[in-house]
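These are the structures, in structure tokens.
Across the two complexes that follow, chain A remains constant while its partner is chain B and subsequently chain C.
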Partner chain A sequence: MMRWILINFLLMLTPMVWGQDAVAIAKDIGKVEWTKDDIQAVFLGERSTWPNGRGVVVVLPSSKSDSFEKTAQWAFETDGFEYQKYWLSQVFQGRANPPIYLEDEDAVMDFVENHPGSIGLLHQVQAPAELRLSLR
Partner chain B sequence: MLLVGFYVPRQQQRSLIEFQRQELSVMAKTIARTMGIAAERDQLQDIPLYFRAIENQESIQFSALQFEGDDVFITSPPGIAADRFQPNDPLLVEVPFEGGAYRGTIYVKGSPSYSQLQLEKLTLPIQVALSLVLIAMVGLYLFLLTRVSRPLQSLRMTAETLRRGELDEPVDTRPRITEVRALNLALERLRSGLKEQRETNALLTQGMEREIRRQTKDLRKTLDELKDSRNLFGSVIESALDAVVLADGKSRIIEWNRKAELIFGWTREEAVGKTLGELIIPHAFREGHSKGMDHYHSTGHGPVLNKSFEIQALRKSGEVFDIELYITDVRVDNEIIFSSFIRDITEPKKLRVDLEQERTLSASLLNGLPLMVSLKNEDLQFTFVNDNACTVLDRTREELLGKEEREVFSEDWVEDSIALDRAGYEGKDVPMRERAFMVNGREEKYVIGRYQFSIGDDKPVRYLLTYGFNITQLKEIQAELETALKAKDEFLATVSHEIRTPLHSIIVLANLLNEEGREEEAEQFSQNIHTSSQHLLDLVNDILDFSKAEAGKLELAPSPMNLDEFLQNLDWVDSGQRKETVQFTKTLSGCEGLKVECDATRLNQVLNNLLSNAFKFTEQGEVRLTVECERKGNEAQLHWSIRDTGIGISDENRDLIKQAFHQAHTGIARQFGGTGLGLGIVVRILNLMDSDLHIDSELGKGSEFSFTLALPILQTETSTPVVEGIGEANPEGLRMLYVEDMLPNQMVMQAMCKPWNLDLTIADSGPSALELIGSQPFDLILMDIQMPGMDGIETLQRMKTLDIHLPQVHAFTAHAGNDDRTKYRQLGFDGVLTKPITPTELEEFLKTHVHARHNRN
Partner chain C sequence: MSQSRFCLAFLLLSGGVSSNLFAQDVPSTQFKMFGHFTSTIEQGEDEQFSDISLGEHDLFVQSTITPKISFLGETVVAPLNAAGHNASDFKVSIERARIKYEVREWLGVIVGKMHTPVNYWNDVYHHGRLFFPTIDRPRSFGTHVPIHTLGIRLQGQNIGRLKFGYDLVIGNGMSSNDLTDGNFQKSFTAAIHIKPEKQTRINLSLYRDIIYNNMVGAHAGHAGSSHYTMGDAGWHPVNLDYELYCFSFYRNKGKWEVLFEGTLNRTGLADNNDPDLTAGLTTERSANTTTYLYAGRKVSPRGRLYALADRCRTQAIDLHIKSNDLLKVGLGWQHEFSAFIKTQIQIERYTGREGFEIPADDKWETKFRVAYCLQ
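Entry: the complex of A and B
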């Protein structure tokens, strides 16, 4: 409980845009030495497998949440509406598997913890160290 | 069959495409719905399920997604060019989708090869079936051709041969089909019968043709003759100068020529077949025409037939006009034909009326002239005489027309007149002759002139116009003028004498005054000069008054007049002219204290003249003035009478002496002097006063001149204001400027003013006067009017423009009429003095001026 109070307090202090403070989280995906571009490609549906050959399951916060806007800014450098359109077209064309939408960041974190191969995006304050993907 | 083979697969293909399109539409709607729900719930994983399901369909070529507001088509498979999305493509289905904030359109394109493939599956069985049907039909055709069509064609050909009349070739009676063979046998019998009939007909025809040719030749000849006759008849009718209308016994028109068309306005086509009554007979004559026709049919006679008469007809326009009509009846083939020859006489009749009116007008004009006018032809017979000529010649028109002068007149002038007429007719210059005629018992004088003229261009006919002016009145006027001129000449001679007489005295006595040793006679000479001058002045005044009276400019200036005072002042009359042997008495009755309104000056002039005459023509006895006054309401009737015991006037001269320039006889003027104007002026003044002069006289015993004046009585006593103190006023030292160009008048003024010690300055012109008043002050200016260069009026107007104090300026002029006085006052003069003026009058004027000036100061 104390930990969530602390996180929320820190979140209040952090700017609304993650910028360099966002980190990707994943679990049991082996050794990954990805750059930021690699991770952006995953969040754009352009890369669909981990280096170990396992499929990547993109987990996003609900398109109606603020976190979705931050994710869009980080991954697509645009607003959430355009990002969601992008995903609709990718799925329609069969170019990418559809992402999984969850209610908020907490749900994202819980889903990643419980589903190996999935990937989410959280603020570095919020992201547990054991789930963080380190960048090359 | 080929069309069926072509059409059925095409129809099938369209059905397949429609079916495929519906299928695509269902798929697209499903996708759109799925995408909408998935996008709204963030469940994109559901999209691929349906998408992949249709991706594998062979009937689908590609699908696409387009977001609202985007130009980009997101296609599956990717890379489909934008030009593939044709709106008219029947296999392209578009369905909108909506999910959450996302809207767009789903496109699904069907595969064209799918429908083609399906079609190919259907085409083969159809084509096989059609081929079988085609083979069966060909077999049927060949059977019918050989067994039915060809025998029937042979029959038709045979029938056609017979119809063309080719009967020589026999019909084939051997066909295999029984029915056809029977038909051919019947045709063969028909052919042989027809051939036999043809040969019989040919023989008959040849005989008929010969007969027809003969009859036709005769008929053509008859027709030609008839045609010639008809052409001749039509030509005559058509070229007739009159309208020709032929009608049958029922008045129905059967012929109507060109002229009839022109006159009546109906064309031949319109007229023929109509009745005369409904076409050309006016309503007023239709009943008469009908009765006339009945009469003709019952008796065979018509009163209007075979004679020319004038009647009225009706044009197509409805106009009724005058015609000359000639009708004949002809019986043709036992039928009556009426031929009418019609002439429009509207214009000739109008010309006749106009000519008659013109003649009447000319005769009226000539009859109305105050001239004697007659026309004569080459035989010098009268062809026209106007009313005035009949009156003057004292003959009726019937007595003169067609006669020569010598047949009518027996006076002396006849032969001379005929000779002059002959010369005038031949165009010679004939002098005008004066001739006297007795007209209504009075001799009238005429001047007769002659003038020859011609009428007509081709064959001119000459006439002689004789005219006479009545110059009787002119002659009388001429005589009167000659008398008046003579009287005027006598008057001028008399006036000249009257003027020269006093002038002679004045000139001679004035010269004698300058001679030495005449001092003792100087006073007598001076008195004589004064008397002569006064006489001369009276004469000039008389002439001026008479001249004004003649010009109608003599006017009265009535003012209050005390009758007592007026009669009392008449005493001066006898002082100069009364002779010792003649006694003057005045008898007044009823005039006491009477005050009337009258022009005293003019009344004084009347009495002065009458009294002067009375004294002049009376050597001894008395001259009596009687005034009787009778009051009638507000009016006083004054009866004036001047009676003398002088030479008297004869009866014949009594009225004559009232006229100007007349004295009883010229001897009077020599004996008694005078111009003869006096009584003329008296008569005119009395006329102005609504009175007349009555003369009662007996030669050698005396005369009485009397007149009556009706004058209004003034009720209120108005006293003339008396200016007191004028007698004490002294003009000495008065600074007076006298503007006068005539040296004698300057000298007279200097002489008159000398005794009063005036400060007199004389200017001999307008400019000199202007210069003087600018350099020194004056108390009074007397201005002559008639001066050379700048006259008195202009001088005064210039004086008024100067910036100086201008004293009173009085006009001093010989223009002495009332009009002149008014005019000068209106022009700005303060008063008017009349030339000549006596020293006494001048002194009175100066004293009045000084007194008034003193009172103003």
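Entry: the complex of A and C
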């Protein structure tokens, strides 16, 4: 019985664990009720507008960083090398605007804080509560 | 020399503008250059030759003017195949220059010069040799597929669970150039695709145009030797109704990457011809097909072995493209040093059937390429 309760409790915690592993951040984008799939779509250049109609600007850490590798795994389910090629191709096709590459997660958070409409994904740096996007 | 200085000044100035915009609000302009070198060794029945060629060098510009309005441009510099004093001549061509306003994912409006979104290859790769899965483009690229148009395009993408997308284009036709179409009639493209999984896309399209006087301009992209031109015995200066249907399938999953491109082209006399010019010509429409298949398998994190087959069949009744039945098969290997540079080596066997206006090939080729992107 105790084991059953423990397993269920751990399953309930799963979304929160995800939230700790990768946190999407944005500022002043109105009411957003997105799922993880929606946010993944943003980081694949497939979703380009916020629910309020404003354009999304994707901000990524440098392709040399661990955080980029983690974002690739999270959004694209592959490594950073393939993710980098993917973005290069999307931009070349004209089907997505290029992401902004910044040095590290601190720079990503700083940028998002100062540029409403942009979105970043944090794996290592703690995000302030007011920037966190909650998932539906 | 003055041109070089002008280009340098332009790039520096552009970089400056870009930085300023970045500091103000949304970052803006990115420049990239795609280029390649290719070497070929050809072994025919009676002759051999080899060369090392300087490929197209493509200055790619993307500017996010606002998060919803963007500009994309490609200017290609390519060497001319000239002899003697002209051997170092180049041609410069604006291959894409388009502005996009994205209302939502389901509606974007694009105006300008663009690649016709008729099939996967033309929409995704075109001049980007770095992305090409095989060294050569499919044969349909130089024969049946109209590669550019100047016009207006409505685009929606990533709609719903299947990530449905559409592209509707009304633009200048195959007889046009970058300045004028010379007639009221416009080409029409309707393309739809779905992306049921990551890295999978299935594409269907229809393209229709009237080719005036059986003469095509730069937008058609039809290789000179494959279609009738003035002076050819089989050339008739008639207006042609040109229809193209394309199907593409692309998938990159696990170790395997596959691309299939199929086209069906039907060409016949248009309704607006002078009866004197069409006397004796068939009223039947041709039904020409091209098929291209590529399959590659990762054998190391950066290496891929691949095979290709490319067939082109054009009927003898076609009034625009010379009849042929050609086949190319090949094996290749590619190695990616980084996301921005790769090499490919490919061995190809060219063959075909005799009895058509374009003689059957009978040769082997070995090609080597280095393709890169600078940014």
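The working rule: the second predicted complex is superposed on the first by the 114 of 136 C-alpha atoms of A that agree within 3 Å, B and C clash if a C-alpha of one lies under 4 Å from a C-alpha of the other, contacts with A are read in each partner's own complex, and residues count from 1 in each chain.
Here, contacts are C-beta pairs under 8 Å (C-beta built on N, C-alpha and C of every residue); 3 or more make two chains touch, one makes a residue touch a chain.
No experiment lies behind these values; they were computed from the predicted model shown.
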| item | value |
| --- | --- |
| Partner chain(s) touched by A:Gly94 [first = chain B, second = chain C, both, neither] | both |
| Chain B versus chain C as contact partner of A:Phe76, first or second or both or neither | second |
| First, second, both or neither for A:His115, with chain B first and chain C second | second |
| Which of chain B and chain C A:Asp104 touches, first, second, both or neither | neither |
| Touching partner for A:Lys85 - first (chain B), second (chain C), both, neither | both |
| Contacts of A:Gly53 with chain B and chain C, given as first, second, both or neither | second |
| Touched partner set for A:Asp28, first chain B, second chain C, both or neither | neither |
| Chain C versus chain B, contacts on chain A by residue | C |
| Contacts of A:Ala41 with chain B and chain C, given as first, second, both or neither | second |
| Intersection of the chain A residues that touch chain B with those that touch chain C | 63, 81, 84-85, 88-89, 91-95, 97-98, 100 |
| In the complex with chain C, residue positions of chain A that touch it | 41, 44, 46-49, 53-57, 63, 76-77, 81, 84-85, 88-89, 91-95, 97-98, 100, 115, 117 |
| Sites on chain B touched by chain A in the complex | 35, 38-39, 41-48, 51-52, 55, 63, 65, 67, 74-78, 100-102 |
| Interface residues, chain C side, partner chain A - complex | 25-27, 30, 34, 60, 62, 64, 66-68, 70, 72, 96, 98, 100, 102, 104-105, 110, 114, 123-124, 128, 130-131, 157-158, 163, 198, 301-302, 336, 338-340, 373 |
| Residues of chain A defined as touching chain B within the complex | 60, 62-64, 81, 84-85, 87-89, 91-95, 97-101 |
